[in-house]
Amino acid sequence: MGQAPTHLVAVYPGSFDPITNGHLDLIERASGFVSRLVVGVLRNESKQPLFTVEERADMMRQAVAKYSNVEVDSFDGLLVEYAAAKNASLIVRGIRAVSDYEYELQMALMNRKLRPDIETVFMMASEAHSFVSSRLVKEVIKLGGDIGGLVPPFVEQRLKDRLFAHRAWKG
Amino acid sequence: MGQAPTHLVAVYPGSFDPITNGHLDLIERASGFVSRLVVGVLRNESKQPLFTVEERADMMRQAVAKYSNVEVDSFDGLLVEYAAAKNASLIVRGIRAVSDYEYELQMALMNRKLRPDIETVFMMASEAHSFVSSRLVKEVIKLGGDIGGLVPPFVEQRLKDRLFAHRAWKG
Amino acid sequence: MGQAPTHLVAVYPGSFDPITNGHLDLIERASGFVSRLVVGVLRNESKQPLFTVEERADMMRQAVAKYSNVEVDSFDGLLVEYAAAKNASLIVRGIRAVSDYEYELQMALMNRKLRPDIETVFMMASEAHSFVSSRLVKEVIKLGGDIGGLVPPFVEQRLKDRLFAHRAWKG
Amino acid sequence: MGQAPTHLVAVYPGSFDPITNGHLDLIERASGFVSRLVVGVLRNESKQPLFTVEERADMMRQAVAKYSNVEVDSFDGLLVEYAAAKNASLIVRGIRAVSDYEYELQMALMNRKLRPDIETVFMMASEAHSFVSSRLVKEVIKLGGDIGGLVPPFVEQRLKDRLFAHRAWKG
Amino acid sequence: MGQAPTHLVAVYPGSFDPITNGHLDLIERASGFVSRLVVGVLRNESKQPLFTVEERADMMRQAVAKYSNVEVDSFDGLLVEYAAAKNASLIVRGIRAVSDYEYELQMALMNRKLRPDIETVFMMASEAHSFVSSRLVKEVIKLGGDIGGLVPPFVEQRLKDRLFAHRAWKG
Amino acid sequence: MGQAPTHLVAVYPGSFDPITNGHLDLIERASGFVSRLVVGVLRNESKQPLFTVEERADMMRQAVAKYSNVEVDSFDGLLVEYAAAKNASLIVRGIRAVSDYEYELQMALMNRKLRPDIETVFMMASEAHSFVSSRLVKEVIKLGGDIGGLVPPFVEQRLKDRLFAHRAWKG
């Protein structure tokens, strides 16, 4: 028992609608201890994302270009089946709050039942990002608040283009 | 950036006074995705453990003998310094409850401040072990309750020897 | 004061869309200490259930047929008024997580204000079912995951019929 | 299966050092739905209680004298074994806060492992008593604060006698 | 540093759809320590409130008429910008449960990032109101339950008029 | 009703054994919205503090010297009586975690029962200090870890003097 893996692959799944600096911090940290990190962008059409899955994956690719062992992909269906298809033995999840944690725990136990060979590990958000979520970022920018420092600059621009572009010809 | 580690070493620290099946489940699962897992038995004299650190490390060695990539050691001092000395880039922690989680989060943030190069990941207890703690196991066996299935059989025997041995000559 | 009830009736309310093995475990345990247990299936049209209230009550009847002191019924309106109409002095609720617990606490305090003569008691989910919810079961089966062991076999079949029947003639 | 119990006995365990109005509220409510309620005063010497187990049981007897189906007793050892000896099929526990709840959950799962035939149910503290604990009552009275309304008047007197009696001859 | 403010203005924001006695208790308490309290009724059209923002502000004005230092206003947009426009240096928020608290914490950290000069303080709900929320009040009255004591009498009448007025001519 | 206070005094109580930058951040923020802030250092002999109450008050005075409206004092006995003696109408408490919050809530409800005229408000720790506690700071420095950035430099020196001074002549 206990054969050492020579190549540890992990999946980091999420909607990333949009990417935040909290996501990027976690990717940097996780890419430091796995051989390969697959960022899996969830299609998630039912949640009516602001950006399409292709747009979200493209933005993620731009944001993580500097990490040679990080790859960006999209998926739908069962997360554990996706992880298995990617030859991943690990799923990485970030948690901020206690309520996050409970839901994540429930999902992790279900995922273990579905595929006992794939493990879920949790990493906590850095204190600097503990209050940043994609939802809150969208709420704040819609109301005209400054989200500098919460998302990468190019993502801030993309958000403004998407949310306020129609205002140009209204002006 | 992002050089893939060819050899991922993790430390799993704890008092293990005594080992429970919850600890062993976590060790089995963690040993499946790291190259080498160092189980670090904390000396922790201030807590007046039932077993000495040497006894606890010996029991752990017996319990994990079947895993070729698991090594048992003891330590005191700062956990992150111990991890660094072991060339570990990962600390693995198990969490059961929300209150565990909050304390663990606080420790992990402190550890990151002390050594940003060492990452902490959390694994949740299997549902079957979610109520098993070393403290509760000791309480139950002291009161004469059956702890079968909660700790390995040889640990149950060691607990009985330690707690009830003096009763023999009283009988 | 304190006249002993000779016949303790309890209501166990829920949407049961669908029944899980967690619900059935709780019914078995609760039926062991009350004289009669009324499983009250909540109509709950606003939540757009997968099965009608009649279907959900029928499935429940099939699942609990073996318990001679369990009766299945449906209701809408105020839970405490329904319990009073059933001559119940107890409402039984299952809780899994801390977030469940807070909502349940709020409901129980409101229910006590509405009918101080009806008491709410909480039973915790068995560890084996702590991650199973009707919502998660539906999510997993929709994505093609295996829900064996989480719901009774006939319920699994009913879920497949409901969710995938239309695929047959599409095939 | 599912034979209706004709006589439901429950145990309500605790240290009751001292009784609070929160305890008495729970006893009144629980005595309303069980046939017999055994209040089990835990000996608990290791916690160095303010009152001996005999004193605590006597005060409890005085406080619950008006309930014909409530009996007061003391115990040590495993709670589930005590409950079984009392022919109880139910253990009743009060919970106030989330942190209470987690510990209680852990204990209840352990108790079910030890004796699957004995069920634990939780009742929540009335909102009026949600902040009252034996520990806090003792802290406040020691500092000279008014605990009127938090404990029965005769208990308040006993607390003053115990805590301040020695001051009389000092005066 | 640390110039004492001669005039402390606070904003208490909310949807107040409808006002509860919990809100009014908090307003009474907060108005006792600030110079001026601005109750900011959030427009919040996306949540499809039962009462328009004008109706909600009017009801609030009626409910707080007796407090000379409380003013009622409505707003949309970023809360911190609204507070700044009102010359407020404080935002007051009520919290009931742990899950409330986590969301509130996240909002408060975001608000501090947006406007570090405006502070958020939390006040806990009185134990008597800990289970009362606008949402639960609406649910209960819709199902015919008695909400006396949970909202002011004139608000109860307004709720009945709004929810059941159409029934009159149906009669 | 609702007379505007012309002079808002608040008490910020704590053991401060030792002061952390989290405490100082909260003092700076609270001193910005009250007229006068009394930092009340709790004597708390039963907890065997590392520094005497006089030492802790002296260090606090040094740390807050730059705030003209902050005063440092020590107390024992009931917090609300101390606050009343200081003519304070407000108690300010910092909270970091959910478990903090529950205990704080219980204390605040008890304090309101004891003195309804004194209000407790909670301020959350800045994200940068969310993991810093006096206890953890002491643990880390005892084990040789770097606490720079967690406490003021002069406090770090005092901690080293207290904890390691005896080593000098041992060396």
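General remarks:
Order of writing sets the chain letters: A, B, C, D, E and F. Residues in each chain are counted from 1.
One rule holds in what follows: a contact is a pair of C-beta atoms (placed from the backbone, for glycine too) under 8 Å apart; a residue touches a chain by one contact, two chains touch by 3 or more.
Fair warning: this is a prediction, and the values are worked out from it, not measured in the lab.
Within the contact network of the assembly, the step distance from chain A to chain D comes to 2.
Residues touching across the chain B and chain C pair largely coincide in numbering: over half of the numbers involved belong to both copies. One simple way to say how far apart two chains are is to compare their mean CA positions; for chain B and chain F this gives 35 Å.
Per-chain Cα centroids separate chain B from chain E by 48 Å. Shared contact sites, meaning residues of chain D that touch two or more other chains, fall at 98-99, 102, 105, 109, 127, 130-131.
Chain pairs that touch one another are A-B, A-C, A-E, A-F, B-C, B-D, B-F, C-D, C-E, D-E, D-F, E-F. Of all residues in chain A, only 96-99, 130-133, 136, 140, 143-146, 149-150 touch chain E in the complex they form.
Interface residues of chain B facing chain A in the complex, by the touch rule stated above, are 1-6, 8, 28-36, 66-70, 89-90, 92, 95, 98, 101-102, 105, 108-109, 112, 117, 119-124, 126-127. Interface residues of chain F, counted against chain A in their complex, comprise 98, 127-128, 130-131. The touching residues of chain D, when paired with chain B in their complex, are 77-78, 80-81, 98-99, 102, 105-107, 109-110, 113-114.
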